[in-house]
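Below are the structure tokens for one structure; questions will follow.
Each chain carries a letter (A, B, C and D) given by its place in the written order, and its residues are counted from 1.
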Amino acid sequence: MPTTSAWHGGGTVAALTIDVDAHTPVLARGRHYATHTSTMSHEQYGLDVGVPRLLALLREEEVSATFFIPGWVAEHHPRLAPTILEHGHEVAHHTYAHRSPTDMTDAEQRADFTRTLEVFARQKVPIAGYRAANWQANAATCELVAEHGLYDSSLMGHDRPYRVTTPRGQFLELPPHWSLDDWEQYAFLPDPHVGSIIQAPHTVLTMWRDEADAHARHQALFMLTLHPSLTGRPGRAEALRALITHMRDRGTRFARCVDIADAAGEDPQLTTHTITPPPTDAYR
Amino acid sequence: MPTTSAWHGGGTVAALTIDVDAHTPVLARGRHYATHTSTMSHEQYGLDVGVPRLLALLREEEVSATFFIPGWVAEHHPRLAPTILEHGHEVAHHTYAHRSPTDMTDAEQRADFTRTLEVFARQKVPIAGYRAANWQANAATCELVAEHGLYDSSLMGHDRPYRVTTPRGQFLELPPHWSLDDWEQYAFLPDPHVGSIIQAPHTVLTMWRDEADAHARHQALFMLTLHPSLTGRPGRAEALRALITHMRDRGTRFARCVDIADAAGEDPQLTTHTITPPPTDAYR
Amino acid sequence: MPTTSAWHGGGTVAALTIDVDAHTPVLARGRHYATHTSTMSHEQYGLDVGVPRLLALLREEEVSATFFIPGWVAEHHPRLAPTILEHGHEVAHHTYAHRSPTDMTDAEQRADFTRTLEVFARQKVPIAGYRAANWQANAATCELVAEHGLYDSSLMGHDRPYRVTTPRGQFLELPPHWSLDDWEQYAFLPDPHVGSIIQAPHTVLTMWRDEADAHARHQALFMLTLHPSLTGRPGRAEALRALITHMRDRGTRFARCVDIADAAGEDPQLTTHTITPPPTDAYR
Amino acid sequence: MPTTSAWHGGGTVAALTIDVDAHTPVLARGRHYATHTSTMSHEQYGLDVGVPRLLALLREEEVSATFFIPGWVAEHHPRLAPTILEHGHEVAHHTYAHRSPTDMTDAEQRADFTRTLEVFARQKVPIAGYRAANWQANAATCELVAEHGLYDSSLMGHDRPYRVTTPRGQFLELPPHWSLDDWEQYAFLPDPHVGSIIQAPHTVLTMWRDEADAHARHQALFMLTLHPSLTGRPGRAEALRALITHMRDRGTRFARCVDIADAAGEDPQLTTHTITPPPTDAYR
């Protein structure tokens, strides 16, 4: 078993993160989807029902969370981010339009990055962290994060916080993972085609409960990623409540990403990673 | 917890809806499938075995349901809709040929819409509601529904009934959802390629039982969508019976969509949505 | 509940059918796969390990089964069909090379059909039944089956035996179904790409046990389809054994397809289906 | 039940094999993925976290394993293979760059094969066995394995060790299988697109526990294949620990592949297979 690190203070820490993507992942597949009324209503559900339900659930369970919001969503729903702040949660940067950084030129990405910061600045929403759309960061992303003094939640090089060095400075990484994301379990749309089987909330609860217990044993950071249009549905919200209850009963403390990043920054045992790409001479 | 609304009268309401698509989803992938005898027999099963079995099960369990039927199916099986009416269930509009509205021009859709109404009119089958094929409604669909004074069951903007405003008037929405549909769980065909894993009825029963309990807690409308060629199979029909028993034991009342729509229309707490497409200047 | 029919004699009848496809489904995707040694060994396993293991299991459990064998497999493994006969099981026709009838011209299919009959005739293996590769029969298939006086197991128009009328006479159908096939649960190959998730035998056992119970309740024919390269694996073979035990404990009788077809032929309640394709004027 | 063979000494033997692929499967899909920082970090996790965690777990559970490592990985991480040896495990050949042998010319494959042997020779890491990338061996692979006197773990013709004859001599096969591989259960990446549903560790543990029991009953070789970037995650590592505990409680002995191959070589009951491709005149 690893030794205790400062950032979790001897106990177990978990981060609930909620990506309020709204219509952006669908529109990023093609602007014509804006006229697909059923599909748009499916995304609107996240804003109208999912976010209020999750805010109520978090209040009832007395848990603080971090909401990653694309600039486009914050701009077109100007009460969203301030309301989340008022509930005591954190708001963080999730690109402007939910396009993968690996699909943008460096110039496009820089414009996308700062445009989003400007949206939040106009709304007086403080931003301390960033998460790449689809967890598809590249070197330019990492440099932007370092340059702006943010923490990041897009890389998967560890299951504890770690430091990342770039040509433009360091940043703190709070790593997510595909297996702790509701998208792979619940997302389904026929057009654009998304997902395959829709998993039962009970199956997902069992998986995440086992993962939470194992993360506690290995002193890893349990970083859960949820979407209001998915986990905002009744059965899935109640599965989340059962997960929170289970984890709290075992002594887990839930914290905002910014607080975990601050504590981790003090941890002398933190490892440091670089973003050097592997050599590719053996590949085409 | 939300406050009680009129449409559920203080208790929990659920709608069982049965989409009698027969051969239409396959033929919509290509008319040449009409000569694929095995595949056609798979769809014919829904009409010959699935519908009678589900009608018997609903009678045994004393549950009223709503059958959404494409005009093509009603036209070529003229005893289908009247027989369903005689069992005390509702028959509703499910497009003419199970083509997605988003794949039709507005003129095509209008022709498809009225052609279906004419089929049911000739059969003296009253129509009060509509559901888009593949839940792929667009603005023209919504205007047609409003224009004809129907309720709709194609949008997913909430998990309770809501009002939708269009340039041609309002309509009442009874929202379905992908997670409460047997298609994503059971559908499998190799050619045309449909589905991936076939889920166990036990797994699906567990999921829907949890969802039903959570819908009751959140006073949401449990809108289940079934297909006779899928849930009409023995093991899945018995899983449905177990679900109905479970829900009734917890006080759920099953109602036809038309009755839920009527009651919801009286609800002063009903929210009203528009169908304005989101801005798309940030997308290609 | 339906009334009792003659073919099941008041009790419940199940058919275990085993499709000994060997290398044919892979070679039908492209002859170059013959040089993919790993993939070929995966198929060879079915012949070398799967068939003997299933024969031993059936002998231990005292169950008679029907083995559907492509002519190509019987021809290149001349001891296979006679050995299966010696164990008291039935051998039946499964096309020559496991190509879908819907992918062949009528002339190709006729040649494929009779070539296979000739292989079995040379081996003195009596053939009473037929199953189309991939359950993709068309009208020409049905006519060939009727013409040769065989029963068929390729159509899914009911879950009990039924009669099918063709321009060349009638035949008896013993319907299979995708949900009672091990292929959708277990098959996986990366190249040619087959399958997605590999299901746990325990999950499959639960599904089939529930289906068997429900088939008994609905007096339906439980027609299970297995592949030696899939269910011949240790854990899956033991799941099959547990299923057989469960079903026998509840009074199910296992019979060869030919015996079920003979008994069903005497059933006055048998329904008769035609193979008329649906009208296609509404489709492209 | 089969009779006892020498290679398992009357008890049950299992092999834990760990494929340390690191970045190679992704880079084999396209060298441009080297610049996808998130994706690369996901692979780096296997080296930085997965390997140490699995080494610790194996030490705690007192189990010896075999690590199949591509030459590229060993070359760019020169302390990896020696460290694994120091822990008492075996290191084996897993191609140079994780390209499928079926995608290489014979000359390319020969160069790939020997280049890898040279990497390990320089590191003084003895190599006794080989496994093809993606289990896609062809005839040239088999000849190379025989020529170099290695055992192989790429063919699936049996579930016990067997002998394979090639024009260049014989080798011993220790067969793996898709159903005993964590890749099909856990792997997920959006770009390059890998996997579909991420299965719960509990589901996978149940499947493998059942398979282990059945392998013991059938005296088959339980050959488990794991990847550090997948099973190295906390919840999956603990599921592996539970599997090891379960198997050891039932008397299973865990051994390195090289030791199983040595013992199997003494087994007079070993079957011998050839790698002759099936005839293809019936196929295009």
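Quick note on the criterion: a residue touches a chain if its C-beta (ideal position, glycine included) is under 8 Å from a C-beta of that chain, and two chains touch if they have at least 3 such contacts.
For reference, the UniProt names are A, B, C, D = Polysaccharide deacetylase.
Remember, predicted model here, so these are calculated numbers, not experimental data.
Asks: By mean C-alpha position, what chain is farthest away from subunit D?
Replies: Chain B.
Asks: Between copies subunit C and subunit D, are the contact residues mostly the same numbers or mostly different, with half as the line?
Replies: different
Asks: Take the average of all CA coordinates in subunit B, do the same for subunit D, and state the distance between these two points in whole angstrom.
Replies: Chain centres of subunit B and subunit D, defined by C-alpha means, are spaced 48 Å apart.
Asks: Averaging over Cα atoms per chain, report the distance between subunit B and subunit C in Å.
Replies: 34
Asks: Tell me, which residues of subunit A touch at least two other chains?
Replies: 196-197, 199, 203
Asks: Given the complex with subunit A, which residues does subunit D contribute to the contact?
Replies: Spelled out, the residues of subunit D in touch with subunit A are 23, 27-28, 30-31, 34-42, 44-45, 48-49, 53, 72, 76, 96-97, 186, 188-191, 196-198, 200-203, 233-235, 237-239.
Asks: Looking at the complex, which residues from subunit D come into contact with subunit C?
Replies: 100, 102, 132, 134-139, 141-142, 154-159, 175, 177-179, 184-185, 196-197, 199, 203-204, 206-207, 210-211, 213-215, 217-218, 220, 271, 273, 275, 277-280, 282-284
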